Every structure is written in C-alpha cells, then in structure tokens.
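You will see chain A twice below: alongside chain B first, and alongside chain C after that.
What follows is the complex of A and B.
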C-alpha cells in the first residue's frame, strides 16, 4: 500500500469510524473539510512518527506538511528519503 | 449603546486601522463599516425587519464577522451557529426562533438547505455571486429605530434537558459585559488579539465585539490544529492578547520545541470554558513569563461572572477570583440567602450583563432567573457550586447538573443519549464525562446492546452523523446492565462511579 493510502486508511478508521462516504482525495484540506479536528492532527503526527520512524518537530506540524493526505505523504517521503541518503 | 455603534464609532475614530485579519483577508475599520452597511441594506431588501432573527451559520470566516454586524445594522438580532452543527439541531433552532434569513458558507449549504426543509427562509451564501452582489448593494440602509434594550442576539446553549435554549441578550447586556471585561483586562485600541475560539461560542464572539468596541485588531483563526502555524501568525501580526481554552493549553504544553512559542509582543493570556489545572497554570506562566494570565469563569447566560487578578495566581491559583467590574457574585444556600465563607452553595450573579431569559422558554428561564433581594432585581442562578475563601475569592466545586465539559464545549448527556437511544440495536445508554488530559473531559457512552453484533465504531459513526463533533462519544463501553436508582431510573452518577472503580 502506498503511504497516501495507509494514511487514508488511518483517517477513515480512526477519525471517520469507517465511514467511506467522505471525499478523501489527496488534495482535500483536512481542516477546511472538517475531516479532522485539532486533537486529531496530534494523533496523525503520532501515527506518522510510529509508522515511518520519522521525527516530527513542532515546527513541522504546519498546514504545508499535514493539511492533506498528499502533503503528509510527501512530507513522510522526503523524511524517509533524507534519512536513507544520510 | 447599541452594538453596531461600536463599529460606527471605531470607523470614525480609526478608519484606516486594521480591524480584522482572516487568512489573506485584511479589512480596515472603514471597509468593515462600509461593507456591513451594504450587506445590512441588502438584508433589508431581502425582507429582514427590525426584531427578525438572522442565523449566522459559518466558521471563523471574515464573512461571519460581516454578517453579525450587518444583521444588527438592519435592526435584526443575530444568532451565531457553530459550523459543525448537524441538520437535526439546526432544524430545531430554525423551528424555535423562526429566522427570516440564514447567512452561511458554500460547504455548509447542504446542511442548511436540508434543515430549512419546506420552510420559507432566505439563504445567502458567502462566496457566491449573490454574496458579491449583496456587498455591492446600492439601496441605502433604512434606519431601524431600535434602541439598546432591544435584543441583539440569541446564543443557543445546551441545557441539561438536552434541547438547545436560545439565550436572549440585549445590546445593553453586551455593552455592559464588554465594558466590564475590557476594564479588567486593560485592553486598548493598540491591542492585537488572536482568537481561535469559534464566533458561535460567546468567548470567541466577544473577542470580535470587544476588538470592534476598542478599535483594536482581531486576527481570526479557524483552528488550533497547527499550533506552530498559529504562533508564527502571532509573531508576524505582533499579537498582544491570546484567549485560550484548557484544551489549547494542553496542546501547547505537549510541544517540545519551545522556540516556536516565542511571541515577544504577547501581553496577556486568558482562560475560560473550564478551569486550567493548577499545574498547567504554572507551566503556562513559565512558558510565557511576560504575559499576564487571567483565569476566568462564566456562562453564556451572563457571558462572564468572575476573573482572578493575575497578581493572585501565586497564592490562589485554584480560584476563579472575584466578580467582574460592576457586577456581584455570591454563594447562596437553597433559600437564596448568602452563605458564610467556606460553605458550599450555588453561585448567584447580579448585574447589568445577565440574560433576559431563554427564547420562548419561560419554564427554563424561571429556573435560572429568580427574584433577588430588591423588589426590582432579577438574579442569575448559575447552577454551579462554589465556595468563597475568607477574602471572598471564589472556588469552583462542581456543577449541580450533569453537563460534561469537553474541549471547552458544553455537552448535555441527555442530548447524546437521545441520539444513542434512536439507534437500532441499543437497549439502554448512559453518557458520562471521563477525565482526559487534553479534552478536560471526554464523552463516554455506556451501552446495553439489543443487537450483540453492534460495534463501537458503528455507534460512534452513527452518532457523528447526528451530533456536533465535540458531542460524539470518544469511546463506548458495553455492559449487560446499567446502574439504576431505587426508582429504577438509569443513574448517570452511579454509572460514572462504576467507571472510577475500574
């Protein structure tokens, strides 16, 4: 499964309680569409840290990295890429 | 003074000053005043008359602020509705206050349309060509002839009965409450306030009303999901005032990189909605040593009751303080007489800020508003238990009813239970608040199933379709039976106690 699809599954399972009727496209803003609330973002961050072994600094928890499935996947991809290269 | 006068006076005094910052939108006082006048004239053209109710069903958008003042300029009263409100509750509110117009946003239009049903209610949607036309209205505004003892707003609040009640506030109530709060916070036209609290919540709403009264700047954010981004905005906008609720404080205290929190201009922080744990108060003060921290307590029915002067935090961190300026707060026995220091009783509030009652609900009104010591008095019984120390500082003990406070929002267990009982497969349900480090309390449902196949996820999912997100149970526990009182009623208190034992 791709990173984006793993994150999509996590959101459906944990925040939407299995409801698959929402538009969860890669570019949909999770906040504007009310798909996740403030505390849910923290759960998402914890999931990303545990699942992909990346460290997320407070300054990384910004809309540019976490407000859509596509952005989260890109953020994770960049971090994994960086640690492999190092 | 009427509330729209706040805006007109600030526009006269500081026309070029920034009134509102929402994302990329910046409005000066002159623009804010002119746009709301045109929107008000448009509302009148749509048929809005003095005394009509106008619902503002939006998130923290600039259009919400415009809608609120436009409704007032048209002589109507506004009712701010939380953007996460679902169809059933909105349907109830529409039936209760019979608005002539609803102002909303594109993403909320389906909910609004379904809730309206076949009733005749005008719908004006921000972000549409109709909205642009409304802001370009050329018909002049007709003077409404209203005065300051007219109603300005209805704020719907959840009561223990589970049915939302519309708290009626006059312009004069808002005038008194906002002046009192401005007095003790010592806010001025130079303040720049960043608010994440929804405008549908009186804490968020008053950030707007007070900023406009002062001619100060309000930076509105829709969410605290990205604290680092909010703090970045605070630095960029040189924010001086930051209203918190305990959940936000808990999120801030979980942050590891403290440099992201540095806002050199920050002058004061406020907390309300629920008490900050004393330990969190200490840590917030350590994180923001140059900001005065105000612990406050209030309820929608009078906006605010008490505040703790920041100098008292050293010795009385657990207190919510004293009555706000020009009001009285005292602890009363069941007969309404004040009790001695140290004795627990119900907090009673007297002042020019208490509500006029609940909209078309005289029974609920009579429970809260009762005669005071003078023949002309009406005083507000808060339903909250307090005691005062020897110096008169007030300490919150608990609620007389079962309201759960989660994420700073009030949840009536009965409202959630009604939804659970409506689900097939549920025989009995009771909803309680359980301690949660971030939410304050989390909503928990204890359920007896009639269909053993029913899962926790199915119940939560169904609840999420019917309830605002903060009301949806975070967890469901299945039992074979629920604890009952001697009279056979399901006991919420016993259910809560049974959880503490496990």
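What follows is the complex of A and C.
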C-alpha cells in the first residue's frame, strides 16, 4: 500500500469511523473538509511518527505539510529520503 | 415553584377530567412534592403540583379569583410581589393570602396581558377566563420556567414537562428529526420546536391566547441592543456602581421566600459575587453548595474553598467522578427530555439531590452573567477571528487563540498557521450573522457523520444554521458584532440548553428551585445598553463586572481567567455496563458500525477532542432518549417528516 493510501485508511478509520463516502483525494484540504481539528491533527502527527519512524518537529506541524493526504505523503517521503541519504 | 398541567378544548368528558389531571400531575411529582391541586369545569382542566416556598399554608393552586371567574395555575416566582401587592393595596385591593400567586392572579384579572411587563420573576402559567372562555399561557422573559404543549382533536394540552403530556390519551413520543439535527448542530432545538414531533415549547417571553378553538401567540418582551456606533458618556466607575446596585437588588428580592435560600458556589466570579451579595442580606450564615471533581482538569475546589473562607459560609460540596456521571446519566436524559452533547448537567443533578437532602428548596446561582456581560470564550474567539482576518498573512495574531484556550492542551501546541486555519480566521464572511458561532456549529456538526443513511436521506437539503439565521430580527444587522453574538447566546443557547438541560430540569428533578439574579430583566436591559468595550475590553471578559466586584470578591477570583464549567465526557462511560446495549438499541437514527468504532475509541481512552466527545455523548443521550420515551413507538424515522 502506498503511503498516501495508508494515510487515507488511517483517516477513514479514525476520523470518519469507516465512512467512505467522503471525497478523500490527495489534494483535498483536510481542514476545509472539516476532517481534522486541533486534537485530530496531533493524532495524525503521532500516526506519522509511529508508522514511518520519523520525528516531526513542532515547526513542521503546519498546513503546508499536513493539510492533505498528498502533502503528508510528500512530507513523509522527504523525511524518509533524507534519513536514507544521511 | 412547581409544575403545571392542563387542557382546554372539547376532547375530554367532564367525568374523565379529574382522573386525567391527577395522572398528568403525578408525572410532575418531582417538581412539586408538597401538594396537588386540580380544577376541572367544562372544557377547561388545570392541575398543579406544588413546591411550597412563598405563602406556605395559603398558596394552594389552581387558585380562583374572588368572583370565581378566573382560575390560575402558576409555576415560578414573582420576586417583586411585595411591591406589586403594596401598589394594589394602595388602590384599595384586599388579599386573602400572603402568596405571590394571588398577586399575579389579581393583576392578570385587572390588566390581562398588560400586566406581564410589570412582573419581575421566573414563571410559566395558565390563566382561564370563564366568561370569555379564553385561556392564556405565558412564559417569563428569559425562559427560566418551561411550558410545553400539543394539540389533540382541537384540544390544547400543556404542561411544565413533556412527560406529563405523554400521559394524555393519544400523545406519543416521536422524534422530530429536524430538531435532532438542530441539536447536533446548534446544541438545542429552535423553539417552538422540541425533540418530540408534534409537541412544542412556548418560546420565552411569549404569551399565547386560545379562544374558540384557535390560538395566537406573540412576544411580550424582546432583548434589544443599541444600533452600532452609540456611546455612553459615563465612565467605568459610574456604570460599575449602577451595575452593582441593580445586581444587589436583584439578589435581595430573590432571597424572598418562606424557606431558607442557599447559594451555589462554583469558584468563578459570577456565583462568588452573587453569594457575597446574598451573604450581606441574610441574617444567618449563608448556606453554600458546590460540585467538585476527582479530575484536576475539571475541579475548581481550590477557588471554592477560598471563597467559602472569605464569606464564612456554611459549605458542603459533592465530589463527582466519571462513574458517578455514568450512573446518573440515564436519569439526566429522563429529566432533560432531549439529547445533550455534554455531560455537564449530570453533576448538577447530583448537586440538586444533595441540596434537597440538606433541607433546601431554593438556591441562587450565577447563571446568565456570561451571556449578558460577555464572559464566554466564544465572544473573545470571535473578536480574535476578526482581528486575524484583517491581516490573514500575520503569523503573530493567531497566537491569541492560545491565550483564549489556556485550559486546552491541544490548542497550546499548535502553529500559528493551524490556529488560524482551525478557527477559520478569514474564511467565514465577516458579515455572516452567525459569524461568531460558525466554528462551534461546524465542529458540533461533525457528529452527523454517524447518521444512518435513512436519517441522512430525510434531512437532505435541511440546514439547521439557516433555520436559526431566518429567526433573527431585522434589527440584528444594525448591532455591534459582540451584541449579535450575545443575542445568539442569550435568546437561543441560554433557554435552549443552559436554563433547561443544565438548569430547571436537573434542579427540579429533585424539587430544587434555581434563582438567577443576573437574569433580572432590569440587569439584562442595563447590560444590553452599556458599550461593548465595558463588557469585553481587549480580551478581558466581563470587564465592568470585575470592576463592580472589587472589594466583594477576592482579587484572585475576580481576576482569574475564565474557566468554563465542564465535566468529564466520554471517559466517564468506560465502566458503564449499559452503554453497549444503549448504543445498540435499534433507533434507525445512526450507523451502528460507525457508532461501534466511536465507542471503541471512547473505551480505549484515545478520545480527547471536542468533536468525538460531543458525538459520543450526543449519540448515547439520543439512544437513551429513544429507550425512555419513544421505544414503544413503531419506528422513529418512519414517523419523521
């Protein structure tokens, strides 16, 4: 399963409680779609850290990195790539 | 303070009336354990359950006028009855009793609806005029005392609580799904709607007249604010002095009773100030009561202790755990008669039982202050959202949200970008009449995720926020944004949730009457006229009230940041054996698979946000409502429009 699909599954299971009727395309804003609030975003960050073994600094918790499935996947990919390169 | 019931119309035969009235009043025995009275004559039937507070021996109801033409069944108190009585006596009137009921009856007899603005009180009553064959139903300005009604074959049936109506032949509990959607968006149904289809609430400050089989109702009082741009030449000191004088008098007349009056003490400014003023008026030591919690996040016992020490009151508190909340929650829903999104009423129902067991029937509380003096976070939040929207690129301005929600860890750890995004700063139209409440409504509405397909289908195209916006008066758009937000809180949330689910219903479940000095109409009118900057100065909430409280309340309490009254929500139900069964009860309203996942999340302890908690408590309370009131009906959604 791709990173984007893993994240999509996490959101469906944890924030939508199995409801698959929502548009969850890679570019859909999670905030505009009312899918996350201040606690949900921290649940997402915890999921990313635990699933992909990356550390997310406070400064990284911004919509540019976490407001869509595509952005989260890209963020995770960049972090994993950076740790592999190092 | 009591419970009233009645009917007016052709449906009930005279021989059945007395028995039916007794059955209806029995359903309200908790509201009035001291006496029962009925009056049946022709097409009218009136019943009364009495909680004796004023005129202990001679205030029995329903009460007949001297000439026998008028009959009154009255729930509540007329706090200025002594002044009204003196005025009537000066005009040559004589009275048989020492009760406020007789004063109200005489005034209504003399002046009809024109008497209503003279009343300073919390009331719901039914007055029947035999000669005119006319019934009048009326309710107090702020909606402290409840009054529900329904129609059966041309007969109006009414009562203080719905459970009395459900004893009337042919009246059954069916869910009004649009009202449910209003609760799952706005926290409360929009009056006259109730959770029960075909059962309605007389809105606050309304009077209804029923004659010749038809009914008409109108507002006899409205909350008003000045047009934007006005100012008050007086300084803070003069306004604070007038405020204190009004609050002091409001407290004084609310101590009128032939039984001792106690006071709730939450540890916040409002109840502390009311208790301080009450303590000056009562000769003996004031008796105070409070709720404490075993979770530090919710507990305010430190501030309560400080205030008790300052006032020297005789104080007791009742500690509430999550297990306590879960244990009483089904009874709470029986009392509220509607789904609720928070457990906050539960500790207050335990507290009223404690008050009753202590031998008290009447308590003062600080309710209403946050509405009229702009104490709630939502007012400050709206102000910050407007401030951020004026410069959406600022990375500094959104940090103000942290200051507002100092007690919410999830907010403290967010970046400026997310703070701005979560509060939709800049996204909501600044001219939207519901601007102040949009984030709350959006967040609450997430619970609709759990609606069944059937319910979603029935609600397709329905927008609860549009229904609320449609009810706003024309003059609303001329008001300052803070006044617009205050109007929404005071005329909708206050009667729809605070004074009902968290007020009258959980207090009267144990025969305890709450009295609210801040909701004295003189103070409400005064507060609506003072400049917004005196209420919310910068982000200093209730600024002018804090000023007025100087010297009466310790500075540490007067200056503490607002801590909203909250109770543990979903975590309370981890050990409650009934939850799974209640959630699984077929109601047709929710998606069982999604609800099971939500329940699992609640049990696992990983549910910390407002949205999930509100959804869990809302769904559980809806299911309990269904079991207690509607389970005998064939289907909830089949009956829904």
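Convention: the second predicted complex is superposed on the first by the 86 of 86 C-alpha atoms of A that agree within 3 Å, B and C clash if a C-alpha of one lies under 4 Å from a C-alpha of the other, contacts with A are read in each partner's own complex, and residues count from 1 in each chain.
In this section, a contact is a pair of C-beta atoms (placed from the backbone, for glycine too) under 8 Å apart; a residue touches a chain by one contact, two chains touch by 3 or more.
If you're wondering where the values come from, they're calculated on a predicted model, not measured in any experiment.
With chain A as the common reference, chain B cannot sit beside chain C without a clash.
In the superposed model, A:41 lies in contact with both chain B and chain C.
When the two structures are aligned on the shared chain, A:57 is found in touch with chain B, with no touch to chain C. Of the two partner chains, both chain B and chain C are touched by A:17.
In the superposition on chain A, A:49 makes contact with neither chain B nor chain C. Comparing 38-46, 128-136 or 398-406 from chain B against chain C in the aligned model shows that the clashing stretch is 398-406. Residues 16-19, 31, 34, 37-42, 58-59, 61-63, 67 of chain A contact both chain B in one complex and chain C in the other. Every residue of chain A that touches chain B in the complex is listed here, in rising order: 16-19, 31-34, 36-42, 57-63, 66-67.
Of all the residues in chain A, the ones that touch chain C in their complex are 13-14, 16-19, 31, 34, 37-43, 58-59, 61-64, 67. Every residue of chain B that touches chain A in the complex is listed here, in rising order: 83-84, 107, 222-229, 232, 247-248, 251, 254-257, 260, 407, 438-439, 457-458, 460-461, 464, 469. The touching residues of chain C, when paired with chain A in their complex, are 408, 410-411, 413-415, 417-418, 421-422, 442-443, 445-446, 449-450, 591, 593-595, 597-598, 601, 606, 608-611.
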